[in-house]
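One chain, chain A, links the two complexes that follow: it is found with chain B in the first and with chain C in the second.
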Partner chain A sequence: MKTIIKIAWRNVWRNKLRSGVVFTSVVLGIWAGLFVLAISFGMLEQQKRGMLESQLSHIQIHPNNYLEDVKLNHQFSDSQIKQIETVLSTNKDVVNYSKRSISEGTGTTAHGFSNLKIIGVTPEIEKQVTSIHNRIIKGSYFTKYKNRPVLIGRQLADQLHLEVGKTINISFQDKDRNFIEAGFKVEGIFGTPSQSFDKSNVFIKTEDFTNLIASQNPYIHEYAININASEKSTEVSNLITSEIKDATAQNWAVIAPELSFMNETSEASLMVILIIIVFALTFGIVNTMLMAILERKRELGMMLCVGMNKKKVFLMIVIETLFLALAATPIGLLISWGSITYFGKIGINLDSVGDALYKAGYDSMVFPEVESSAYINITVMIIIASLIASIIPARKALKYNPAEAVRAV
Partner chain B sequence: MMILKLAWKNIWRNKRRTFITLSAIAFAVLFAVMMRSMQEGLEEQMVKTSVENSLGYIQVHTKGYWDDRLLENGMTVSDLPIQSIKDLDNVTIVDSKLETGMITNFGTQSRGTYVLSYDIEKNLPKQVSKKLVDGKLPQNGKKEVILGIDLADYLDAKIGDTLVFLGSGYQGATAVGLYVISGLLDFHIPELNRSTTYMSLSSLQELLGAEDLVTSLMIELEKPSKLNETATNIKSVVGSDYEVMTWEELTPDLKQLIQASSAKGYIMNFILYMIISFVMFGTVLMATQERKYEMGVLQAIGMKKRSSMLLVCIENIIISIMGVILGVVAASPIAYYFYNHPLELQGDSAKAMLEMGVDPIIPFSINPMIAVNHGLIVLVISLVLVIYPLLVIKNLNPVSAMKL
Partner chain C sequence: MSVIRTENLVKTYTQGEYKINAVNDVSFEIERGEFTVICGPSGSGKTTLLNIMGGLDSPTSGKVIINDNEITGLSENKLIDFRLKNIGFVFQAYNLIPVLTAKENVGFVMLMQGKSKTERTKRTEELLKAVGLEKEMNKKPGQMSGGQQQRVAVARALASKPQFILADEPTANLDSASTKNLLDIMSKMNEEEGITFVFSTHDQRVIDRAKRVVTFEDGKLISDEIIKK
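On to the complex of A and B.
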């Protein structure tokens, strides 16, 4: 056994060209697999983060009856508000929170109409919780107009031909279910990573909301809460739910299940791509080694002639490949880690399709990133693939007739 | 001529070597075509879903309607050359359509909705009957509507309830009418489920006080790939008073979504091609090494370097072409199989795709251009790789090459 390992080791170094090809195949395979993963994963993560920052935040609290049936008069009661705010101010994981009034309504201009979710916010507080103020493309964030300003999304602006300073008629029902319609002046146009969010959500000031529904006190339907670590969102939301009455705190994964589903959807097509890459790689190694066996026919024949048995020849070829794969793995990992870290910092610019990416819910810069477990998975996958790849040519070598093989040129 | 013959014989002399090289090229084509087929299949599916759901591949409206969707910008059916459009090549269905925004009310709940016409006799648009999850389609002559399930939910209305529709009719008249819900639709697209109502064309025309009025013609195609060609033909039929728009112009969003998915696809393809090129290079490299002795002998017995370079070149071209053809031939049935039996997704990911309005399947495209394009790319790569054996032959020393 020791001798075989020794021979295999020497063989690796004897024909540097051939070794180089197999070595590079493995390096390339590991890098390709990881980089493809990193790009997909990076795009998804970015999209998720964008959605959390711009609209969802980590946890939201709604009244239970509002969750069952979205209606204006299913708001938090005064005692609930008091209770929730006590709970939030004593919980040390909570970083900040904002309260919102929400109503379903319709926005109309001369160019058409659209169903809207009208969100009443207190600008100074909302600013700390979500990043809409950083995503204003045109106009400003509740600083310019005194009289009924509204922030609308880029999609809605396109659809209804709205610009900053123009007026949109927003209609919804007040607390007594009367129909109300009021003109709002567009103060700013925002662009979040989500097209559908930009199409159907508008922000107005809480005081305007309260006035319009003919109420004295604000109607609060939603608390949006940021905590210090998004991993703790389930734990914290459960804790909050247990401490308040007739209301439920939900983390982002419950509120927007499509965010976690999205991972799986793209995972499916990603799997197909990874399989194709691994297949291509395996095939490359098989091919190179087959060619190598062809080229080494005489050498292998000689070994068989001087008394090496077939099992040992087989083992030798497999060990050779294994050596190469094992040596290539750290290099491949290093290159992958280096390129992913590098591009993760400076990003890959897809500006030429940037607008398209935005519309699809991505930012135009892609920052590849990958979970550390992927390094292990891909490596194991590639090493197994290359081992399987070495068996096929090794078997071929067994079929040589020593007497003929020595004479081969 | 002799070299050509020699090249041909060489190819068949060492069958195993030829086979290995051939298969490297064939598999390269196969992998590239598979990957691209899947990506394009997903894109085609996005178009199909969206186009079937609401748009049609091509629409005709009065000039200016698309920017200003007012009923006053509608068209009179009798003025339209519908039959001439139908007679055009590639056109399968011409559906006249009326749509407008209205408020619908049930009890104390009200909501804005898009009211669209539905052709009861021809059962068009087809997706309406396919998306019906409860109840039945409206009956001819009855004042019935079908609407998205989320809209009905919001209104707290169910089948058999009477809805009030209210809005502005043709030329400023007020339009008000009562309609009974006969069925519910589930488009699997939340936005459509929240906002869509269908009623028969005649009912809608009556409600709006606009007899004979439609807002658009929706045109379905036999071959979506000939989109622009057909649009040009339609343009010449309808004249300059009307605008002819393809789905790409109607929903730039969708076009962009597809571009975005292509952008990601290009990166993946680029990486795959890096591997493919390397695999092919490895094979060529080993094949060249193996033939050093043979080349040495040829040169020793007096063959000029240039001739043996030509020889290798010809051999490579023949093998490359055969490999590409083999790859295309092998890829076609596989792509065709997955076109007919798309990979089906299960569980949560399926749900996510439904949310995005796409069926939870990964179909493959059978666009022949994929095979042609990627076959050509692989051919070019393999021809570029011939440079390596040529360099080896150029620098070959016959004496040392013949030493084993």
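On to the complex of A and C.
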């Protein structure tokens, strides 16, 4: 076995140029596959993170009647609030949470109107849970105006020709279905990767929300909760649901199934891209090995003549093919890891297609990232592809008639 | 005692509508310790006969018996195993493994036989010394002359301690000096160790060294002559 491995390894280096071409294609294939994967995965993760950070958070709790019918008076009761806050304060996975008042309404200016989701927040608490304060591209985050400030998205600002300091009339129905309308001063314009979010969500202070509906106490419709690990969100949300009455905790994948679906379908389509790249490499490897087998016909014939059995000849070709493909794999993985780590830190600026990315819900600054399992997956794929690739040349070698092969020119 | 016996060997090839008898009803025996040359013009069937005797090709009819074991009809795997244990081959184009050293090339067959490393090393060194290549042991074929490579091939053929050695045109690619040197070594091994050599050649230099010359023409054995020296 040792000698077979030795022969196979040395054979790889017999034609340095040809092996070099295969190595280069394997390195480039791995790098291209992983880098494309990292860019796509990075974009998706950024989008997911953006959505989680800007509004969704990991888990949200709503009253059950609110989930069935979004109405202003379908808010949490005082006893529910007490119960939820007890549960959240005792759950070790919960990092922080924010209470929100929510109403559907419209925003109007002289230039038009837009349907809105009006979110009432306590600025300092919301700051701990979501990243809207970090996404202010113009103006400030609830620090400048004392009287009814509002944060709006850049898409809404464009649509309604709003600037910082200008006023937008926000209206919605109170619990008795009376229209309430009030002017809010634009204090900040935020920009998230999601165009639709930026168009239809505004943030106001909970106290202004409460004052508008002339209530003594705030109407709380939503708890936005961050936990210490995104992957625990299902487990934690189920636990919270089981401990509270007439309310349901949902994780981000349930609240925004399109985000989770997009994640899964993108992972599948990226895997298909990887498979195509590895498949293409397989053809290159098969071709190289077939040439090598043809060139070494006489030598293989001699081996069969002198008594090397077919099993060993087959094994030798398989090992040689594996060496040919796998010798370059560590280099490909290393280059991929290096470039992904580097660009993962400094980012790739795609400003030239920034508008298109924004419309699709992505940031124009992309930070490639990839799960470590991708490195293992591509290595396994290459091993499997090499094994498959080795079968054709190995079978061809076995078909040689030793008496003819030893006389091959 | 015969080491190789052929009985009514026939090998027919079909070329379009024509049938060609490359070997036509050949029966003869080779005794242990012979230094036999099978000669004849190109296309006379000598290489086909050698291939059949070596279990590399199967006859259309007839038998090949080696040490009382009939090899015609053996499965391909059994033939490979039989060749490994019983037959040494020397080819016209040396056919050494280019990525292995002379020592590794000689040890290769013994490795296939499952011999221990100690035994392999000892025999390899003995054989390479016998063919005058003790200083070239660690050279790869590409670093050796044609004559040296063919001597390594002879050492490799002897490594498995075969019943006999089949050499197909072993001197065809060699110059006179290398041919003389190679034939000296083979003759010495035949004389001193009783190793059986069967050559297929039309090289007069080899024929001149033979103890027995079997001549073929059109697949038929036309003469079988013992040379008395």
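In this section, the second predicted complex is superposed on the first by the 304 of 409 C-alpha atoms of A that agree within 3 Å, B and C clash if a C-alpha of one lies under 4 Å from a C-alpha of the other, contacts with A are read in each partner's own complex, and residues count from 1 in each chain.
Here is the rule we go by: a residue touches a chain if its C-beta (ideal position, glycine included) is under 8 Å from a C-beta of that chain, and two chains touch if they have at least 3 such contacts.
Remember, it's a predicted structure, so these values are computed and weren't measured experimentally.
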Touching A:156, do we find chain B (first), chain C (second), both, or neither?
neither
Considering only touches as defined above, state whether A:29 meets chain B (first), chain C (second), both or neither.
first
Greater chain A contact set [chain C / chain B]:
B
Once the structures are superposed on A, label A:11 by its partner contacts, choosing first (chain B), second (chain C), both or neither.
second
For A:298, select first, second, both or neither according to whether it touches chain B, chain C, the two together, or no partner.
both
Is A:306 in contact with chain B, with chain C, with both, or with neither (first, second, both, neither)?
second
Go through the superposed model and pick first if A:84 touches only chain B, second if only chain C, both, or neither.
neither
Check: chain A residues flagged as touching chain B and also chain C 298
For a test of understanding, state which residues of chain B touch chain A in their complex under the given definition.
16-17, 20, 23-24, 27-28, 31, 34-35, 38, 42, 67-69, 101, 103, 108, 110-112, 154, 191, 194-195, 253, 255-257, 259-264, 267-268, 271-272, 274-276, 278-279, 281-283, 285-287, 289-290, 293-294, 343, 345, 347-349, 351-353, 355-356, 362, 404
Note which residues of chain C are touching chain A in the complex, please.
51, 54, 56-57, 76-77, 80-81, 83-85, 89, 91-93, 95, 97-100, 104, 108-109, 111-113, 156-157, 160
Chain C partner contacts - residues on chain A that touch it in the complex
3, 6-7, 10-11, 14, 298-299, 301-310, 312, 401-403, 406-407
Along chain A, where are the residues that touch chain B in the complex?
17-18, 21-22, 24-25, 28-29, 32, 35-36, 39-40, 43, 70, 104, 106, 110-115, 161, 173, 177, 179, 195-196, 199-200, 257-258, 260-262, 264-265, 267-269, 272-273, 276-277, 279-281, 283-284, 287-288, 290-292, 294-295, 298, 348, 350, 353, 355-357, 359-360, 362, 409
